[in-house]
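Down below are the structures I want you to see.
Consider the two complexes below, in which chain A is the common component and chain B and chain C are the respective partners.
Then we have the complex of A and B:
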């Protein structure tokens, strides 16, 4: 039996793609279909500014995650998978918060 | 002869055993153990006899002058969140200076977890006498600062092969007390063979040799090979049993003698003694057969560091950096 040399990272990658798909779908439902995913009872000062801030930090976390993912592919012994997961988690949570605030 | 407490303290850190647990297992009082390890009293042997010291070593996995070869040792290093990680690798450095050359492979499951916020990286260490799994803990957001090329006597196996294992085998190899040295060697050789076959394929393609030609060559010259297991320990002559604190601090041997002189002398004489013993045992031993020599060459190139290289002077020599993904 020949052992494969590279680590299969499709499982977390699939999860990241699913998270991105969920966010895009939420934006689409809110923006295009006009369906409210959350109640409109929440009103914060500078809500739109906050949402924009969350979007920017979410994008930054996503980019960082992609960078760490590429680094892990290159040297899996140096970059732990938790590093990629944390960035992806931050990307999703911040992105979801931005969607909620902008609705 | 007495036990070098520097090695004992390093092993305690690597095996993640605290003094309390060690006291419970060995039945030695905490005061006596602390005094011995810290060198607080003038005559340590009065408080902790040599036999008891050997018992401590046994609990830490050392029987004779090397860690046991019939088990796979499990060592842990915790990289600090802040500050220099060099101190964290100091115990490992001591082990490498004490027990000679080791080859390193990265152990990894073939598939990444869906989600994991735990950061543990595993490496397999193949010493001439024994096998060990090195588990490195880091903060989840932290990259590993482990640099094998900066540690003495440590090199990547082959061109930095990774042991990419199915999840069951991975858990077996990395769970403390689960892996056997034979299983570890088997997986290691399997991974290295993969690389060697790839290398052979590209070499044959470069030289324009077809697979049929190689097959016919093999058919006409049948070769035998076997998986090398952990090598048997060689006994060193017993030295006199006395205590020297300065020599202990400088030496990287488990057992240190008083007549070792100054720290530098102690280190040099210990190394020379090891080399002398090794040479003498080679002279005394029967000349290996041609088949055995071939088998040894195979072991050296594809599996474990050979005893001959192990007995070379144990100095801190820098080795060329090898990236595991470079091939």
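Then we have the complex of A and C:
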């Protein structure tokens, strides 16, 4: 009996890396090149602190996603794909929110 | 986490976090170049400045400085001060300008730029005189104003309108450098904070 012990994670991994590249590119364009990605009409109290909190939470979610990704590649029958996908989704949403808040 | 792709994802996540925090808390590139004060100009810089050739001086004589007839930006307070003075040049009606709230409520334009330009074109040309202005007679740069000469007129968002010595009003925003005052670090409601800790408040 043939048992498949590995799982093809090439496509999700490419998606995660593309999301990370998009976020890093957005930060570079906004911070170093001075291009505003959103209008300047948004002024919230403690906006910078809020953006920093979003960034740290996003990094935590991303690291959790990378950990779950490695665990799923190692033993896909123990780690459901939702643990990886939801962590990656939280990383991207929180990171994009932080980029928009910091503009 | 020994998987290479997972390590790559973790590295990218950490790089994004570092770049995002640096974007938030590290100083950004200066958008405004600091103006060099006249007192800071050194002798080598003066010597390196290109001289006027004698042929150019003969063909195009140096004209003495004339009064600026173009309309300047004044606030409503400046207009009141100017109307009280007896100087005919200052008593000219000028266009009131300032933040949008001030413009909408108090602007009374009595003379436009086009009318001033029409006056200047109808004025007879002065006869050309030879170059009799010696080099030493060129007026030096005016000394920088004291900090007391600056008064905050209004703020709107991250922009502030600053009245300079009852002569003109300049607009500055966060990150701009005001000659004589320094860099603007924050603009709040009716208050402006400079890099040296000094604050300017709107005077009623």
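Note that in this section the second predicted complex is superposed on the first by the 98 of 103 C-alpha atoms of A that agree within 3 Å, B and C clash if a C-alpha of one lies under 4 Å from a C-alpha of the other, contacts with A are read in each partner's own complex, and residues count from 1 in each chain.
Following the convention adopted for this analysis, contacts are C-beta pairs under 8 Å (C-beta built on N, C-alpha and C of every residue); 3 or more make two chains touch, one makes a residue touch a chain.
What you are looking at is a predicted structure, and each value in this text was computed from that prediction instead of being measured.
Chemist: Identify whether chain B and chain C fit side by side or clash on chain A in the overlaid structures.
Modeler: In the arrangement built by aligning on chain A, the partners chain C and chain B fit side by side.
Chemist: Mind working out whether A:9 is in touch with chain B, chain C, both or neither, as first, second, both or neither?
Modeler: both
Chemist: Looking only at contacts as defined up top, I'd like to know whether chain B or chain C touches more of chain A.
Modeler: C
Chemist: For A:67, using the defined touch cut-off, is the partner it touches chain B, chain C, both, or neither? Pick first, second, both or neither.
Modeler: So A:67 only meets chain C here.
Chemist: Between the centres of chain B and chain C, viewed from chain A's Cα centre, what angle do you get? Round it to the nearest 10 degrees, please.
Modeler: 170
Chemist: When the two structures are overlaid on chain A, which partner does A:59 contact: first (chain B), second (chain C), both, or neither?
Modeler: A:59 contacts chain C only, not chain B.
Chemist: With the two complexes superposed on chain A, say which partner A:76 touches: chain B (first), chain C (second), both, or neither.
Modeler: first
Chemist: Looking at A:30 after the superposition, I want to know if it touches chain B, chain C, both of them or none. Which is it: first, second, both, neither?
Modeler: second
Chemist: Just how close are chain B and chain C at their nearest CA atoms in the overlay, in Å?
Modeler: It comes out at 14 Å between the closest C-alpha atoms.
Chemist: Shared contact residues on chain A for chain B and chain C?
Modeler: 9, 74
Chemist: Which residues, counting only chain A, touch chain B once they are in their complex?
Modeler: 1-12, 15, 71, 74-83, 85-86, 89
Chemist: Inside the complex, what are the residues of chain B that reach chain A?
Modeler: Against chain A, chain B makes touches at 106, 108-121, 123, 138, 140-144, 146, 161-165, 187, 190-191, 194-195, 197, 323-325.
Chemist: Of all residues in chain C, which touch chain A in the complex?
Modeler: Counting only chain C, the residues touching chain A are 1-3, 5-10, 12-17, 19-25, 28-29, 31, 157-158.
Chemist: Give every residue of chain A touching chain C within the complex, in rising order.
Modeler: Residue list for chain A touching chain C: 9, 13, 16-17, 20-21, 23-24, 27-28, 30-32, 34, 40, 43, 48, 51-52, 55-56, 58-59, 62-63, 65-67, 69-70, 73-74, 91, 95, 98-99, 102.
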